[in-house]
Amino acid sequence: MTAMLLDTVSWLLISGGAFFVVTGGVGLLRLPDVYARMHAAGMTDTLGAGLFIAGMAVQAGFSLVTVKLLLILLVILFTSPTATYALANAVWSGGVQPKRLDGTACETIDRSDGPSTS
Amino acid sequence: MLALHFPALQVVLPLLMAPVCVLLRNARLAWLAALAISWATFGLAAFVLAEVLIGGPISYALGGWAPPWGIEFRVDSLNGFVLFIVAGIGATVMLFAPHSVEREIGNDRAYLFYTAFLLCLAGLLGVTITGDAFNLFVFLEISSLSSYVLISLGQDRRALYAAYQYLILGTVGATLYLIGVGLLYQATGTLNMVDLAHRLGALHDVRGVRVAFAFLSVGLSLKLALFPLHLWLPNAYTYAPSPVTAFLAATATKVAVYALLRFLFTVFGAEFSFTILPMGPPMAVLAVLAMFTASIVAIFQENVKRMLAYSSIAQIGYMVLGISLVTVDGLTASILHVFNHALMKGALFLAMGCVYYRISSVHIDDFAGLAKRMPWTAAAFVGGGLSLIGVPLTAGFISKWYLVLAALERNMWPVAALIVISSLLAVIYVWRVVEQAYFRPPPAGKDVREEAPLGLLIPTWILVAANVYFGVHAGLTARVAGQAAQTLLGGAP
Amino acid sequence: MGGVLALAWLLLSGHYTPLILSFGLISVIAVVAIALRMDVLDHEGLPIHLTWYFPGYWVWLAVEIVKANIDVARRVWSPSLPISPTLFLLKTSQPGELGQVIYANSITLTPGTVSVSLADGHVLVHAIAREVGESLAEGEMDRRVARLEASGVNARSPVPPEA
Amino acid sequence: MELLGLYNYWIVFFLMMCGFYIVIARGNLVKKIVGLNIFQASVFVFYISMGKVSGGTAPIIIEGATAYSNPLPHVLILTAIVVGVATTALGLSLVVRINEAYGTVEEEELGEMGEDA
Amino acid sequence: MTHHLVLRVIAKLLIPFIMLFGLYVQFHGDFGPGGGFQAGVIFASAFILYALVFGVDVARKVAPDWAVRTCIALGALIYGGTGLVSIFRGGNYLDYSVLSADPVAGQHLGILVIEVGVGVTVASVMMAIFFGFAGRGR
Amino acid sequence: MFIAAAAAILITMLLALLRAFIGPTLYDRILAVNTFGTKTVLMIAVLGFLMGRPDFLDIALLYALINFIGTIAVLKFFRYGDLGRAGERDS
Amino acid sequence: MSPAEAIIAAVLVPLAGAVLIAISGRWPNLRETVTLVTAVILFAVVLSLAPAVADGARPTAILIQTLPGVPLAFEVEPLGMLFALIASGLWIVTSVYSIGYMRGNDEHNQTRFYVCFAIALSSTMGVAFAGNLLTLFVFYEVLTLSTYPLVTHHGDEESVKAGRTYLGILISTSIGLQLVAILWTWLIAGTLDFRLGGILSGRADGTMTAILLALYAYGTGKAALMPIHRWLPAAMVAPTPVSALLHAVAVVKAGVFCVVKVVIYVFGIEFLSLTGASEWLMYVAAATLLIASLVAMTKDNLKARLAYSTVSQLSYVVLGAALATSWGVIGSGMHIAMHALGKITLFFCAGAIYTALHKTEISDMDGIGRQMPVTLTAFLIGALSIIGLPPMGGMWSKWYLILGAVEAHQLVFVGALLISSLLNVAYLLPLVARAFFLPPRAPVTQSVGAVAAPGKGLADGIREAPLFCLVPLCMTALGCVALFFYADRVYALLTQIAAP
């Protein structure tokens, strides 16, 4: 019973992971410019990878495998945003302006003095 | 009994001393270490050769795994002979090295030279001694990689480009070889050469085996610089530092010739290589083309090292020609020439090292009056040159003797004529240098005696003397080569 | 630090023989030695001081991440592609650099926002849609990270981390 | 059908030709190294695809042997990859030094500076 | 102006763990695949990350050229020297079963030691290559 | 189930590869390759799980690290033409 | 000293001499003493072998086992004995002459000269005593190489060119043809040893034999058969003692010696005459001897004329061998000796004239007989011997050659020999006539410093060369006469190998 429950949970988790991973892949193709595509890539590395690993961890139970799986997730959670930041920063300092869907440069909103009140 | 381990030790000692040279750093210490090890290796090689000649082939199982499961080192009269000459040249070049390295490489990078040299030596010995086809690849690459490094140590910036070209072509050759080995492994499930030979006997019609044969032959031909796959050689020999050129010219291509012999005759068997697959005629044609094209090109070279490099390509033609005859005398000629050519090219390139040491050039114009400035060096060049031409009482004569004999024996008159004519081309290019050295006045103000130091002259003359010794006492080498040739043709080693 | 590393070793290893354990000890000592040599063992490199408040923050962030993922997934799949990329310049209220980095990485970790540049107490954020950026600009995450860092500083030492 | 069954050979062959073409046709020394890598990679693929060894029964020369621990293709290929990596590293370091010495990594320009001096 | 903040902080965090992971793989080599070679790669990658973020000059101070060179040589010596030891203990070259009274334990010991040699060499060679290439410009 | 998961990852890898080929900018390609790499990590983990080889997880971990360091190195190289500069500065 | 030791000594004594000469190079007097002593010892050693050989003994010695089955070995037989005696004997006189000539002309690099000369003599002994074809070939090649520095002695452009021709022709023919012939012989006969009656006899057919003979005859470039004779006139640039070495003592003699030896011991004269394989060679030899004589007549330079004379005379020897009859072979062997003494006399004279008067062209030599009566008398004697008139040794060899031609029923060659003798008269005697009977053309103003009369002013007009030059040429001239009277000894020796 428990085993079946665990299987179901794991199946659900992994299906979810698969959904977000594929969504990320689609976004990588659909979105208009490199900045926007980073969001899609981020999906695959956060919820995509997270759900996958969670699903496998549920299968594995409390074991060395789970520890290692969580370690992998931890590494991904640390390195992925760092790599993305490094890339974004490189793109930005390379002078590439983010674009809107219609191809015009997107506006910059300064909120350094607090959230909008309007 | 330590003597049991000599086959392994002669590869392992230089391999282990290479990192020690890195640790030592100091040019002099590194040299002493390399010198000691290369002479020890030479001693081991001599011992092993003697043992093989008396007691027959020796097999040494690495890691205690009995062949064909583990890697086997296997020495018979053929590779015992090649080991002997490679180790001998290595030891002699090491004697030569310190002055030359100081002058051409610089003492701060000297340890790099000694390390790469020992690795190269170990690699070449390993290629020669191993009885495992894949292990041969590994050793081949050890020697090749270290020889790229050695060549790139040359003073001229073109040395870098030469090393690069050699790297590209050498790697292509090694990769082709690796594919061949893979195909053989797929067909037989073994990598041990003796085991391969046994199994291939029943697999002559398998397509994979024939494809393997093609890949192995082309790959090894690239490594041994068989015309027209020789393009890497001239630049590499020209721009490498003198001791490197001497060592590589005397050993690297020879070891590849050995590997080719091993595969054609021991692994595939003469019947497969030359009867089922007609390898003889194409090899003979390429060999003759090499002999003529390269000799003629050599005549027109202005850089003497480059001239000798082209001469090497021509001389490789002789070795391959002997192989293509598939007779005991033909193989004897090839094996003898592997040995003798190592002696003559070693002597000649060491003489080039002496010249470069004093004159900083090996351009033929700068040889003017060399006999006055460096009489012993010039005489050494003449000695090596005479051997190259094949004058009696030199080692070169003995090779030529057997080669022409083998051609006549098979009633191949035109081939015999071509051998003789091409060897006369050697007279022309050697004599161009001799006339320059002896009959042109030295440039103004250089009319002084400035002989190379004894440290350079002695090793050079050791090799010149060896040319004479093995030209006079050829019974020794001819017997070993003959025995090796018989083994190759007799099938089982 | 050594403790954390030793714990990591034990988690990874799965072999608890004396030999392997002693290797583990040697390894931990070696790594600590090298890390000291590299000068990477400071508050930035070893955020132990964030321990107590840290899990709470993680849980909050995880929820945010899930929400953001769903939001972005919706945008990606909807045929009209409802996005309006916008750049936001936000102030970072964390006193230390570590806090700022946590903040910036948290922004990137939640899909829909990516930090593009972090400098001089400001972070430049690319948002996939204007409203996503506006909700970030409300400052919830900023405040939580600032609190996280402040708790660590108070727990460990009165001296503020390098500015 | 037989041709399709040998698909791994076709992949190997294709990679080989690609690599070889790049080595021959490209004038840029770095690209040549890349080509060389592809060329070597074809061999790695070949060894990996060599799952089953057809003649791989017990060795003949020693009768009655039971243990059969011939090196596995993946061990061989690991060795070959190490060799390949070493070659690539050495090749690239040569290219770097050529670039420092000549100021170019294009074969044509190197050739122009060729034989004189 | 600050240094590349995000990278620096994350690198400081990761590097010790990467090194530890490398050593873990090193000593668990004979239980899983890999062993020395992978371990060397991982360990070196920690240094490479360090050099990427903090600069090669800083990394060279941590791991000076002479040390790297020495490690290359030492690793190779460990590898080959173990084989020599077996010769002196009456076995063939690389025959580790003679290293201990119990052949299996000897084999284990031998493999462990040579894996250390491999790991040290690979790590230091990779570092040497990276240091050699980095900073030479395009 | 795991095969379906593997297929999903594979699809994403292919999509990433497609993006890597389309580009259009260098940064698009780097992003795509990095994504491809992280999906490879997942793939190795899933495969290891599928084949009952927990030691594959070590490889996955290794690959995750290499992917990260590789991305940083490539970025640094293309931004400065040099890997050896002391710490980068923000724009 | 046992005969075997004597053989080895004959090869090694000049080598040891060469080493000592090199060491003593800084002290010319010592150096030349060493040369002379070595020459005398060598002659004594060779002479010690002669009685036994004359009595029919064939001493042997093995130097080194070079190749399996083919050692470097020696066997002394009459022809080689004769050759060795001539060469070692003439070395003594040539050495004496060299001292006078080299000092008289203030030549450079004299040590190298003496060293190479000694090595050449060592290899000549090797050639003379060779017991098999390999040994013959090896020493033949060493002879070529050791004489190269002598030919190019002056080191100027002309000598370098001459050296190129010399080495080019000799090396390419020997390696290109002779070596192939030897290897072919080895394949056919299974041995390379010299055996009376021939090792090839009965093992090869007529065509094959003819081809092999051609390979040997043209492979022996030193025999200077046309058209490979060009090296010999070219080598005239060398100092006169070298010319003596080339033309009389060693080099060309080694060439024709090889041909005769191969004919007798490899083919066998009976086999050759049976197959008729040597007939073509008779024609080539006859053509060479006639054409060379004609060319000689056109040369005004004395040494060039003598060189072509040598080309012609060598073909006498080859012709005798090609006739493949006993008389022919005896004539050949004898002509080696007779020509050696005659030609060396002529060259010594030419050198003496050059040393004393610095004249090289015959047209300049009018009336010099009054200044150099002794030299010109010797020249006359040498010339008569070459022509083959009594009472000179040359008469006998020509006589036997004619007998040989008759024996072979080749009367054409009798005619050729006779015509050529007439041509000899025509190119040799005019000089003597000019020198004695014509008045000097120009006033004798050239006073040559180095030859400033070494205290022997017999008459005011006498300007002979130094004694070191003069004595040797007198001795060889006397030798020419002596050989006329002692020809029976030579005859007896040679009948051992070719009994008529």
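We call the chains A, B, C, D, E, F and G, going by the order they appear; numbering starts again at 1 in every chain.
Criterion: a residue touches a chain if its C-beta (ideal position, glycine included) is under 8 Å from a C-beta of that chain, and two chains touch if they have at least 3 such contacts.
Here the structure is a predicted model, which means the values were calculated and not measured.
*Asks:* Taking touch as defined above, what minimum step count separates chain C and chain G?
*Replies:* 3
*Asks:* So which chain is the furthest away from chain F, centre to centre on CA atoms?
*Replies:* Farthest chain from chain F, going by C-alpha centroids: G.
*Asks:* What whole-number Å value describes the gap between the mean CA coordinates of chain D and chain G?
*Replies:* Roughly 67 Å separates the two chain centres.
*Asks:* What is the distance, in whole Å, between the centres of chain A and chain B, each centre taken as the mean of its C-alpha atoms?
*Replies:* 60
*Asks:* Determine the centre-to-centre distance between chain A and chain D, using the mean Cα coordinates as centres, and give it in whole Å.
*Replies:* 37
*Asks:* Please output the residue numbers of chain A that touch at least 2 other chains, ranges allowed.
*Replies:* Residues 19, 26, 38, 64, 68, 71, 75, 78-80, 82, 85-86, 89, 91-93 of chain A touch two or more partner chains.
*Asks:* Can you pull out the residues of chain D that are in contact with at least two other chains?
*Replies:* Touching at least two other chains: none.
*Asks:* Among the residues of chain G, which are close enough to touch at least two other chains?
*Replies:* In chain G, no residue touches at least two other chains, as defined above.
*Asks:* How about chain D: which of its residues touch chain B in the complex?
*Replies:* On the chain D side, the touching residues are 20, 23, 29, 32-33, 36, 39-40, 43, 46-47, 50, 53-57, 59-62, 67-71, 73, 76, 79-80, 83, 86-87, 90-91, 94-95, 97-98, 101-102, 110, 114.
*Asks:* Provide the residue numbers of chain C that touch chain A in the complex, in ascending order.
*Replies:* Chain C residues touching chain A: 11-12, 14, 65-66, 69, 72-73, 76-77, 81, 83-91, 104-106, 108-118, 122, 124, 126, 128, 130, 133-134, 137-139.
*Asks:* Residue numbers of chain E touching chain A in their complex, please.
*Replies:* 4, 6-7, 10, 13-14
*Asks:* Help me check something: in the complex, which residues belonging to chain F touch chain A?
*Replies:* The touching residues are 1-2, 4-5, 8-9, 11-16, 18-19, 25, 27-28, 30-32, 34-35, 38-39, 41-42, 45-46, 49, 54, 57-58, 60-61, 64-65, 67-68, 71-72, 75, 78-79, 90-91.
*Asks:* Name, in rising order, each residue of chain D that touches chain E in their complex.
*Replies:* Listed in rising order, the residues are 78, 82, 89, 92-93, 96, 100.
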